[in-house]
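Presented below are the structures under discussion, each in the form of structure tokens.
After this come two complexes, each holding subunit A, first together with subunit B and then together with subunit C.
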Partner chain A sequence: MPLLDIRNLQLEFGTGRDAVRAVDGVSFTIAEGETLCLVGESGCGKSVSALSIARLVPTPPARYVGGEILLNGCDVLKMDQRELRSIRGGVVSYVFQEPSASLNPVFRVGNQIKESLKLHRPQFATDDEVIRLLKLVGIPAPESRIRDYPHQMSGGMQQRIMIAMALASEPKLLVADEPTTALDVTIQAQILELLRDLKARLRMSILLITHNLGIVGDIADRVAVMYAGQIVELSPARALLQRPLHPYTQALMNSVPQLGHELDRLQAIPGNVPNLGQFPRGCRFHPRCPKAQSDCSQKAPELVEVEPGRWVRCPYWK
Partner chain B sequence: MGTFILKRLLHMIPILLGVSLLTFLLMSLTPGGYLQSLRQNPQISAETVERLLAKYHYDKPWYVQYLYWLKNAAQGDFGYSIQYKIPATDLITARLWNTFLLSLFATIVAWCIAVPLGIWAAVNKDSLVDRACAMVAFVGLSVPEILLALLALMFAAATGWFPIGGAQSSRYDELTTLQRLWDRAHHLVLPVLVLAASELAGIMRQMRSNLLDTLRAEYVTAARAKGLPEGWVIYKHALRNAINPLLTIFGYSLAHLLSGAFIVENIMAWPGLGRLTIEAYTAKDSMLVVDSVVMATALLIVGNFVADVMLAWSDPRIRLKE
Partner chain C sequence: MKLLEVKNLKVHFPVKHGVFSRVNAWVKAVDDVSLTVAPGETVGLVGESGCGKTTLGRAIIRLLEPTGGSVTFEGEDITTLEGAALRERRRRFQMIFQDPVGSLNPRMTVGQIIGEALDIHKLVADEQAREQRIGKLLRDVGLDPVHAQRYPHEFSGGQRQRIGIARALAVEPKLIVCDEPVSALDVSVQAQIINLLQDLQREHGLAYLFIAHDLAVVEHISHRVVVMYLGKVVESAPSKSIINAPKHPYTQALLSAVPVVDPDSKRQRIVLPGDVPSPINPPGGCPFHPRCPVAEARCKTEVPALREVSAGHFTACHLAK
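Let's turn to the complex of A and B:
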């Protein structure tokens, strides 16, 4: 049994005729110790899918229309508030995009970490344990840092604090929602290095959400590419990077600048990401797709396993 | 924190100097004066008037008068009220105390009702309670204090439950200590309620929107993601941040209370600083006008200072900037 098994998740914002389906039939699994990268442009539904694992999307305005989110075999969508609180932090922890906004500005960082400990490992809610966690995420002189307020730290330090806070409860799954997007490039590399190191040491599963294919190769075991609320390609990371199958994935890869290649200009994907709720008929990518055929605008393709472990939502992938 | 407080205290001095100078200048620019009007009285000889003018330095240019005033004020002597014929210091102290009592209780009443209501409205957004609060706030913001004060007077006159004006009854001196306390409280009720009612609506709406803002913040989602119970998320993580802008408003609300007190004191005959200022101005008792304006300013500055200190205590980011 995989640690996380999302089956045909459907989520809408709003009600009735104005309802907008932000996540439409998303399914993926994460095994214990595995790292899955969820890749896609802004507004493709990747963050909402990830927040759904602990049911953190506010309802209303959102509404779960269908599907199951099995965490350790229990459906998160059927849990009551008490059960939800025990899995939040207890089984799945989150690291968010903007560390300066995700830490509460008026509490000392040590206390914010201790709060997690009190909830999930009360016998370890001590300064010593907080210091151990800060050392684990590579904060220098942790003894003097626990009494700092978030604004006294740099962005990279703040993100390390967020990671320490997420790890405090010893979760089985760490969800990192664009953890490096708000940081400098050099700090990005450090944070990714830290995540990879922690994953090996703590045998955690990681769900890493990113819009940057560049970091996929560093850390991911498998990759799911999302477009307009659907997964369009799901594949082992190495295979996907070597030979992307879906036209959207190929287009994404072409738009990543590469060192050592002489290129006149970067390849951009023509057109725009469709707005939520205004998805085109048939394949949602067909208006921007270089390989589109005449029937792409008529028939919505299914996600099909075309090679062992490789799933593609495109009948013309060859 | 110590240097922060010291700095803020030192900031008060130039403000008080500026306000007193400006008031002095404005008073000297208006024609006439209390003593000058004595000249019209045939029973008072011209020599007496001249003597009085000289005694209180009214015969000198305004800046010389100001320097005399400043010199005495620095020693705690705020001059002499020629209208009341007693030292201005005694007069001001009594009136300042009355205004302080009125503002203090109005603040307490307004905040103790507005803050919980605002929180309740934010947590139960769009509920019936929220809508009812919005309605009440709308009415509260629209009705001017003058009208409220007049209505309160009508109410007191019609029911006889509360005294109509004043701060104490005429037989105050015959009462025991406990009865005196009760008598003063009884007189305070209506002015306090009128003043508080005009404050309440604004604070309530502000509290509501602050809390709604912080409830949308990412650190609130992060707190939820930790597995904190919803009550902790709202009352610890969100509310603690929603309070900060409200502390800034505390300073403004004090200014509003003081100006409101001017109106309420005059209509409800509350012997406070606001009433004194207007009486002194009407009688052209210029020294007293300057004194009361300076006192009102001091009250306002101290209120803002208290708000600043509370904000610095509540928000670590402010403390560091200073």
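Let's turn to the complex of A and C:
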């Protein structure tokens, strides 16, 4: 049984005729110790899907219309508040994009980490355990750093504190939502190195959300590419990067300049990402797709397994 | 002749403290930077946050006052120009900003935004010519002339960046300073804007000073690349040579830190320890020595000068060959 099994998740914002479906039939699994990357552009529903795992999307305005989120075999969507509290942090922890916005500016970082310990492992709520966690995430001189306030640390250090806080409860699944987007490349390399190292040492599952395909090559076992609220391609990372099958994935890879590749011109994807609630009929990518056929605007394609482990939402992928 | 020549430019900001605002330290945001841009050339400026790349870009077009050094544009020293004389020269160099939302006035229509530049420099004779010119500019950047009646909020991020580009082009500049023009955009839209900038360069013979932190984007668009660290230039070379054979250990680490899509890449990743030090109290000697994997004793005391290690390839490192 996989650690996380999301089946046909459907989520709407708003009510009645104004309802817009931000997540439409998303399904994926994460096995123990596996790293899955969720890739997509802004507004494709990747963050909302990830927040749903601990039901962190406020309802209302959101509404779960259908589907199941099985975490360790139990459906998160059917849990009451007490059960939810126990899985938040206990089973799944989050690290967000902007560490300075996630940390409380008026408490010392040591106390903020200890708060997580008090909730989930009260017998370990000590300075020693906090120092051990800070060492684990590679903060130099942790004995003196636990008395620092967040503003005394750089962005990279703050992100390490966030990761230490997420790890304090010993979760089975770490969800990292664009954890390096706000950081410089050399600091991004440090954080990715840390995540890879933690994954190997703690056998933790990781769901990493990103828009950078380079990060996928660095850390992912499997990748799910999302577009306009749906998964369009789900595949082992290596196979996807070497031979993307869905036209959107292909276009995305071709539109990003790569170091050392000499190109006169980038292959831009025409048009814009469709807005929520204004998704085109039929295949949602068809107005921008270079391979679109006449029936793409009529029939919405299904996500189909075309090769072992490789799922594509496009009938013309060949 | 060089279009732009920056010599030993310094921009220092005072750090004030206490009730009397005593100056007790200086942030050396840009410290002794020299660079040149030829007509029609793109020079990429890369570095991490806080390295002074944006400050340098702004000081060059005199949005910030340089503390020392000189900026020469088309053979004329513009470092000390003021008022009307400066405004007149500003026709020749323009800027495109990172945040397309923050840099367009939400209460003006697109036509007013672009037309303002035309009015200030009195570039159009009458209302009809003005309208035609705005329509042409909008078409040049891939928008429709009817968009002139609309307000910035009606556009997507990529389209807003196109409006910013049209505004910069309105006065027919020779040089555009692009400060992170694509980093706020979605990946699929970035390529559209990069292609547009390249097309406009070919059509109008524009030169760009392209400031960005994404090395792959900078390599793609630039003829030459300048790498900055803590307010100083550490390496400057043609883009092919900087990507294939970086000489400075910082550039090497920066390049190796860029995640690559190819899963079979055999690249050795150099993970730098620590963070960029504060520019208020930069390390003595080579500013990079505390994080440098190959630093020697003299790196702590001697400041390395920028020297030419091979044709057109400059680096500021004692150990580079």
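Definition applied: the second predicted complex is superposed on the first by the 318 of 318 C-alpha atoms of A that agree within 3 Å, B and C clash if a C-alpha of one lies under 4 Å from a C-alpha of the other, contacts with A are read in each partner's own complex, and residues count from 1 in each chain.
Everything below uses one rule, namely that a residue touches a chain if its C-beta (ideal position, glycine included) is under 8 Å from a C-beta of that chain, and two chains touch if they have at least 3 such contacts.
Bear in mind the structure is a predicted one, so any value in this text is a computation, not a measurement.
Colleague: Should subunit B and subunit C be called a clash or a fit once both complexes are overlaid on subunit A?
Modeller: The answer is fit.
Colleague: Could you let me know whether more residues of subunit A are touched by subunit B or by subunit C?
Modeller: Ranking subunit B and subunit C by residues of subunit A touched puts C first.
Colleague: Using the superposed model, give me the angle at subunit A's CA centre between the CA centres of subunit B and subunit C, as a multiple of 10 °.
Modeller: Roughly 70 degrees separate the directions to subunit B and subunit C.
Colleague: Quick check on the superposed pair: does A:R196 touch subunit B, subunit C, both, or neither? Answer first, second, both or neither.
Modeller: neither
Colleague: Does the superposition put A:N212 against subunit B (first), subunit C (second), both, or neither?
Modeller: A:N212 sits against subunit C, while subunit B stays out of touch.
Colleague: Examine A:R7 and indicate which partner it touches, taking first as subunit B and second as subunit C; both and neither are also allowed.
Modeller: Neither subunit B nor subunit C is touched by A:R7.
Colleague: Considering only touches as defined above, state whether A:V273 meets subunit B (first), subunit C (second), both or neither.
Modeller: Only subunit C is touched by A:V273; subunit B is not.
Colleague: Look at A:G156 in the shared chain and tell me whether it touches subunit B only, subunit C only, both, or neither; answer first, second, both or neither.
Modeller: second
Colleague: With both complexes superposed on chain A, which partner does A:L103 reach: first (subunit B), second (subunit C), both or neither?
Modeller: first
Colleague: For A:Q81 in the superposed arrangement: first (subunit B), second (subunit C), both or neither?
Modeller: first
Colleague: In the superposition described above, what is the shortest C-alpha distance between subunit B and subunit C in Å? Please give a whole number.
Modeller: Subunit B and subunit C, overlaid via chain A, are at closest 7 Å apart by C-alpha.
Colleague: Name, in rising order, each residue of subunit A that touches subunit C in their complex.
Modeller: That would be residues 41-42, 154, 156-157, 184-190, 192-193, 211-218, 237-238, 241-242, 251-253, 255-260, 262-263, 265-270, 272-273, 288 of subunit A.
Colleague: In the complex of these two chains, what residues of subunit C are touching subunit A?
Modeller: 48-49, 156, 158-159, 186-192, 194-195, 198, 213, 215-217, 219-220, 240, 243-244, 253-265, 269, 271-272, 275-276
Colleague: Under the stated contact criterion, what part of subunit A meets subunit B in this complex?
Modeller: Checking each residue of subunit A against subunit B gives 51, 54, 56, 81, 85-90, 93-94, 96, 98, 101-107, 115-116, 119-120, 149, 151-152, 162, 165, 169.
Colleague: Would you pull the subunit B residues touching subunit A in the complex into a rising list?
Modeller: The touching residues are 217-219, 221-230, 237, 240-241, 244, 314-317, 320.
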